[in-house]
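This structure is in C-alpha cells; I'll ask about it shortly.
Chain nomenclature is as follows: A, B, C and D, assigned in order of appearance, with residue numbering initiated at 1 for each chain independently.
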Amino acid sequence: MNQTTTFSVEYHRFLRPDGEPEGDLPPLADDAETLHALYKNMVFTRLYDERAIALQRTGQIGTFASSLGQEAIGAGVGHAMQPEDIIIPSFRENGALLFRRFRVRDLLLYWGGDERGMANPDLGDDFPICVPISTHTTQAAGVAFAIKYRQQPRVVVCLLGDGGTSKGDFYEAINLAGAWNLPLVFVINNNQWAISVPRSLQTKSETLAQKAIAAGIPGIQIDGNDPIAVRHHVAEAIEKARGGGGPTVIEAISYRLCHHTTADDATRYRSDEELEAHRKLDPVPRLKRFMEARQLWSDEQESVLIRDCKAEIEQEVQHYLDSAPPKPESMFDWLYAELPQELHQQRQSLLVRESSND
Amino acid sequence: MNQTTTFSVEYHRFLRPDGEPEGDLPPLADDAETLHALYKNMVFTRLYDERAIALQRTGQIGTFASSLGQEAIGAGVGHAMQPEDIIIPSFRENGALLFRRFRVRDLLLYWGGDERGMANPDLGDDFPICVPISTHTTQAAGVAFAIKYRQQPRVVVCLLGDGGTSKGDFYEAINLAGAWNLPLVFVINNNQWAISVPRSLQTKSETLAQKAIAAGIPGIQIDGNDPIAVRHHVAEAIEKARGGGGPTVIEAISYRLCHHTTADDATRYRSDEELEAHRKLDPVPRLKRFMEARQLWSDEQESVLIRDCKAEIEQEVQHYLDSAPPKPESMFDWLYAELPQELHQQRQSLLVRESSND
Amino acid sequence: MTDITLVEAVNLALMHEMEHDPEMVVLGQDIGVNGGVFRATVGLLEKFGNERVLDTPLAENMIAGTAVGMAVQGLHPVAEIQFMGFIYPAIDQMVSHASRMRNRTRGRLSCPMVLRAPYGGGIHAPEHHSESTEAMFAHIPGIRVVIPSSPTRAYGLLLAAIRDPDPVVFLEPKRVYRLMKQAVEDNGEALPLDTCFVLRPGSDITLVSWGAMLHETQQAAEQLAGEGIDAEVIDLATIKPIDMQTILESVGRTGRCVIVQEAARTCSVSAEIAARLAEEGLMSLFAPIRRVTGFDTVMPMFRLEGHYMPGTERIVQAVRQTMEFA
Amino acid sequence: MTDITLVEAVNLALMHEMEHDPEMVVLGQDIGVNGGVFRATVGLLEKFGNERVLDTPLAENMIAGTAVGMAVQGLHPVAEIQFMGFIYPAIDQMVSHASRMRNRTRGRLSCPMVLRAPYGGGIHAPEHHSESTEAMFAHIPGIRVVIPSSPTRAYGLLLAAIRDPDPVVFLEPKRVYRLMKQAVEDNGEALPLDTCFVLRPGSDITLVSWGAMLHETQQAAEQLAGEGIDAEVIDLATIKPIDMQTILESVGRTGRCVIVQEAARTCSVSAEIAARLAEEGLMSLFAPIRRVTGFDTVMPMFRLEGHYMPGTERIVQAVRQTMEFA
C-alpha cells in the first residue's frame, strides 16, 4: 500500500526590484498613508543605522548591528502590528523596534552598554533585544500562551534570522506553537548570511519557510525587500492568528547589505559582485519608485523627510550622550525584587570602593 | 508574483495486519532465510522482554523498557544493517541490539544498574543505550561525519521515538545530516505514546516523516508493524546512504502494547479499547501468518524456535545472575584514561571504607 | 489533617496555589492525565483543566523557555522537569534569560517562574535519573535554588517559591518523596526563603546539609548523641542565596563544622559554605572544616550508588575526626 | 621565532596539530573562510580544506553533540563555541555524554574532544559576550577544564588538551587575546595538564588566579613588592582537576592566601580552593583566606563591567588586609 501526503510553500511578491507592480496589488498599495509610514520608517531606520555606526566608530557606543538593505522587513512588521501586540525581537530589527515604542535613545543606550536602554516603561510588554540566537523563540510561545490563556485579542510577533532557524530552539518553538495553536507569527529575516556562514551551509532545505511543515503549520516565503509584500502578508498572518487561526512562519528573503556588525569585515568572506547584485534589490528605492510612479511622493517630500528624520535622530543622539552614567550599584538593585541578605555585603563593598575612588 | 514549491511524504506497507500481501512484494519476501531471521529476532525479543519484566518484578534488575508490539522495527533495522555499520540506539531497541552483538547478559547488566553492560568489546563501534531523549541524534551526525571523512563504506543508523522528534536535538541533527550529506539513517519508532503523552500532543504535524522536509532531506512513513516493509525500506535507505546518497528519516508507525517501562502504569492514561484495537496489528503473528500461507513456517518450527530461544535466554539470564558484583572503585577507574592526582585520595577513601565494612 | 509524604506535600502546595492564584499554570511532561511520573501533579488536571495543566511536547529547553515567556507576561508558571538528569537543556534559559529579565529591563519585566525537578540518588533508578547538580544552578546570579527535606518544608517552601517574584529552581529529593510522613496543614502559609532551619540544636559541632542527606545527617546526630557528642543540625533549605548568618552563628558556638551533601565535591555548595567559613569564621574554628560529599565521579549506575552516596557512617566518622582534632 | 599574541598562539597550536594529526578536525561557527570572529582559526581552511575545517550551522548543542560523535569514533575534534555566553546549550552533551562515554562503556569508547571558547569580560562587548562560568564545567566529573593566561601557555596547554584522551573544555581569556606578546616556539611541545604554574615565587602570601585575572594579580604582586610584601603568584591553569599540591605547598610556606577570579563568587572555583585549604591547610593559615571575585550579579553590560571585574586595587587591598591580620 502506498499513500502520498503533499505539502507546499508559496512565494509572494507584489513589487519588482524596479518598483513596478506585478500581478494584483493589495488594497494597502493604494493607501498613501500606509505607504508613507512604511517609507518613513525605512528612511529613518537607515539614517539611524548610519548615525549609530558613526557613533561606534568614534567610541560612543559599542558593537552595533545595522539593518541596511533589510528595512522593508522592520517597516512591514512594525506597521502590521497593533499597539497591543507584542514584539519579541532578535537584535537586527531596528526598524520594527522604532515603529513600536523604542526610541533611538533607548537603542543607543543598549548598544552603548547600558541596561537602561530596555527599561523604558512605554515599551509595555515588548521584549528586550535578544542576543543569544533563537532563545527568544520559545519565550514567544510562552507569551503567546499567556495571551491566549487570558483570551486577549493580541498577537505575538517573533523575529529571527536565517541562521536562527538552525537552532533547536526555533524548531521547538514552532512545534509548540502548532501543537497549542498559539497566536504567534514568526518572521525570518533571511538576509542570506549568518555572520560569514551563507544560507547554503545552514541547511539543505530549499526554503526556510518549509521548516514550518515540520511543525504542521503554514510557512510562506515573501520578497523581504518588497515592503508591500511584507506589510500585507505579515498583517494577514497576524490577523489570522488574532482570529484564532494559529501560528504562521514567514520567510522574508532579503540581503544583508552591511557588515554583520561593526565588529565584522564582510569583505573577508563575500564577493563584491554578490553585494553589488543585491544592491539592485534595495527596498528603499523600490518603494520610492513605486510611490513616485503613482504621484504619491515628490522630491520635496523626500528632502523634508530626510531633514526631519535627521533632526529627530540628532535630538535623540543628544539625549543619549547627555544621559547620566548608570550607577554602579544598579547591578545589584535590579537583580532581585528584593536584594537577598548575602548580597548587601557585596553591594556595600562596591559602594565603599567607589567612594574611595572618588 | 507567486510561486509554489511542493513536498511530499510517502507511506509504504507490504503486509496487511492479517499477513496478506498487498501490491508487489520486494524480493526479500521470497527469501525464507531472511524471513526466518526476522521472525526469530522478533520472537526472541518478545521472550527476552517477558523474562526481563519477570526479573524486574522479582527485584533482579531495575526499571526495564519492553518493546512489545514494536518488534518488527528492531528486527527490520537489525537485519538491514551490515556488521560494519553503527547503531546509535535510544533505549527501546531491544530487538535491534540483539540482532547486533549485544547479548541478553549485556542488556540485563545494563538494566541491572551495571556499566559493564555496555562494555562488551565485541560491540565494536556500536553506541551504548542512550537515556536522555534525542541527545544521541547529534552524536550520530558526528559519527557519520567520521565515517565519511575516512571514506569508509559504512552507515550510521540512529533510532528514536515519536516523543524524541519534539526535541531540538533531533532537528539540529537532521539539519546537519542534510547540510553535510551524511551517511545516516534515522528510524523513528512512532509507537504513538511518549510515556503518557500521545502523539497528537507532541506536534501538529500530520506525519513525523515530514519533519525531514525541514532539513531538506527525504522522509518516509512505513508500517512499522510490517517486518517486510521495515526491512526493505530501511535497507534501501542504508544502501542509498552507503552510496553517498545522503540521509533519510523513516517514520515507522507502530504501537506500544506494553507499559512505558516497568515503572509505568499505562492504564492511567489510555483506554483498553485503544490497546485492544492495536493488538490486532501485532507484527509477530502478521509475519507468521505470511510465512505459513507460503508454507515457509510450521508449528514444529515454531515450537523448536520458542524452545531454543527460551533456552538461550535462560542461559544468558544465568550468566547475568552469576556475574560478580562490580568493584566499587570501578567508578573511578574508567572516569579518565588516567586518574588525576586529586582523585587518588577519594578513591583511596572509598577503598578504606569498603575494607572497614568487611 | 492527615500525615502526608513529601511528594503529597508538593501536590498539596500546587493544589492550594492553583486554587488561589488564577495566574498560576503548571506545565511539563506527563503532568496531566498521568499526574506526573512521581504523582506530584496528580488531580490537577481534573480540577483545573487542560487550560492550566499543560502536558508539553518532549523538550526541556522549550519547557523552560515557554515558562520564561509565560512569567514575563505575568503568569506564574510552575514547570516540571521530569528528572534533574534532563534539566541541562533548560540551563540556557535560566542563565541567559530567567535570571536576567528584571535586571536587563531595570524592572520593567520580571520572571516569576518556578522550575521544579526531582533530584538525587538512592532509588535504584536507571542511568541519568539520580543527578545532584544543584551547584550549577547555585552559581547563577539572579535566581534562587530551594531544596525541601521534609513534607512540611516542601509545602511551605514551594508556596514561597511560587509566590516569589523571581525565578526559583525547586529541587525535590526524590528519595524522600515517600520516605516519611508528617502532618501538614493546608493553611496556605509559606515558609521563608533565604533562610536555614535548625532541625536539632547542639553545642559540640555544626552539621549542615540539605535534601535527602539530612536524613543520614540526623541519624548520624542521633548516633553521636549516644557517644556524648551534641551535634547541631542545620537544613540549608535555600541553597542560593545562602543564609550564612545562621551557619556562622552556629559555628561560632560549636567551633566545628561538617558539611554533608550528595553532590560531587568540586565547586559544589559545600565548597561555598566551607569557603565562607574560612573567610568569615576562621577564628572560631577549633578544627578543620570537613565535607562529606559524593565523589568527583559520574554518579554510578545503581549497583554502585550506595558506595557513592555518603551514608550515616561516613558522617559519623567525619564528625569523630573533627571532634578528635586537638 | 617571533613574538605572538595569545590568540596567535592558539592558532599556532591548532595549525601544528592539524599538520601532525590527520584525525584532528575543527568545527564551529565562522571558523572557516572567516577564520573565527577572533581569528583563532585563520588560515586553517586554506591549509587543510573544508573536509577538516568545518563551518557548522548555528547550533551549539549540535556542535557539542557532533564533536562527541566524532570523538567517540576516534577523531580528535576541536569545536569552537563563539563566546562562552552561548555555551549553555552545549552543557547537556558535556555532562550527559562527553564526560561519561569512557565510564559508561568501561573504556570501550572514549571521547577525546576539545570544546574551545573565548571567555571573560573587559573588551566592551555586547550583552552575553563577557561570561565567566567555568565553575559550571568544573563541577562536571569526567572532564577537564583548562584556561591559559599567556601565549606560551596557550600554545602548550592547547596541544595538551587536543592530545588528551578525555574531553577538555578549553577557555581562552579573550581580554588577553591581544594584550601581550611572547616568543613561542612552534616545537609541538605540550605543557602538562593538571598542574599549576608558579609565575612568581614569593614568601609572604600566595596569590592564586587564572585566565585574564592573572594580569591584575601579577600587577598587584609588583605593586606589593614595592611595599615590601613578597607575593607568590600561581596560575591555576587547569581548573579541573585542581593541583592542590602546589597550592598547599605554597600556602604551607606563606601561611596566607588570596584567590582572585573574575567569575561570580558563589560555588565558584575560588570556593573550591578555599574549601580545600580550609580542610587540608587550615593549620598553616595565619589569616583567613580571602577571595577577590566578581560579584554574585549578572555580568553587567559594558558601561559597568569595570565596576564588576576585580582590578589591581581590590587585589592589593585584600592582600594588605590579609597581611595585616594578626
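The working rule: a contact is a pair of C-beta atoms (placed from the backbone, for glycine too) under 8 Å apart; a residue touches a chain by one contact, two chains touch by 3 or more.
Labels paired with UniProt names: C, D = 2-oxoisovalerate dehydrogenase subunit beta.
For clarity, every value in this text was computed on a predicted model and none was experimentally measured.
The interface holding more C-beta pairs in contact, when A-D is weighed against B-D, is B-D.
Using mean Cα coordinates as chain centres, the one most removed from chain D is B. Remark: chain C and chain D have CA centroids separated by 30 Å (rounded to whole angstrom). Centre-to-centre separation of chain B and chain C, using mean CA positions: 36 Å. One finds 40 Å separating the Cα centroids of chain B and chain D. Across the assembly, chain A contributes residues 115, 132, 166-169, 172, 175, 179, 201-203, 330-331, 335, 342-343 that each touch 2 or more other chains.
Across the assembly, chain D contributes 57, 59, 61-62, 85, 89, 92, 96, 103-104, 127-128, 141-142, 241-242, 295-298, 301 as residues in contact with two or more other chains.
For chain C in complex with chain D, the touching residues are 61, 85, 88-89, 91-92, 95-96, 99-100, 103-104, 127-128, 133, 135-136, 138-139, 141-142, 240-242, 264, 266-272, 274-275, 277-280, 282-283, 285, 287-291, 295-298, 301. Residues 29-30, 32-35, 37, 55, 57-59, 61-62, 85-86, 89, 124-129, 265, 295-298, 300-305, 307-308, 313-314 of chain D touch chain A in their complex.
Chain A meets chain B in the complex at residues 1-14, 16, 22-23, 166-172, 175, 178-179, 181, 201-207, 210-211, 213-217, 223. By the touch criterion given at the top, residues 86, 115-116, 118-121, 123, 125, 127-128, 132, 135, 137-147, 149, 168-169, 172-173, 175-176, 179-180, 330-331, 334-337, 340-343 of chain B touch chain D in their complex. In the complex of the two chains, the chain B residues touching chain C come out as 62-63, 110-115, 129, 131-133, 163-164, 166-168, 194-197, 201-203, 263-264, 268-269, 325-326, 328, 330-332, 335, 342-343, 346-347, 350, 353-354.
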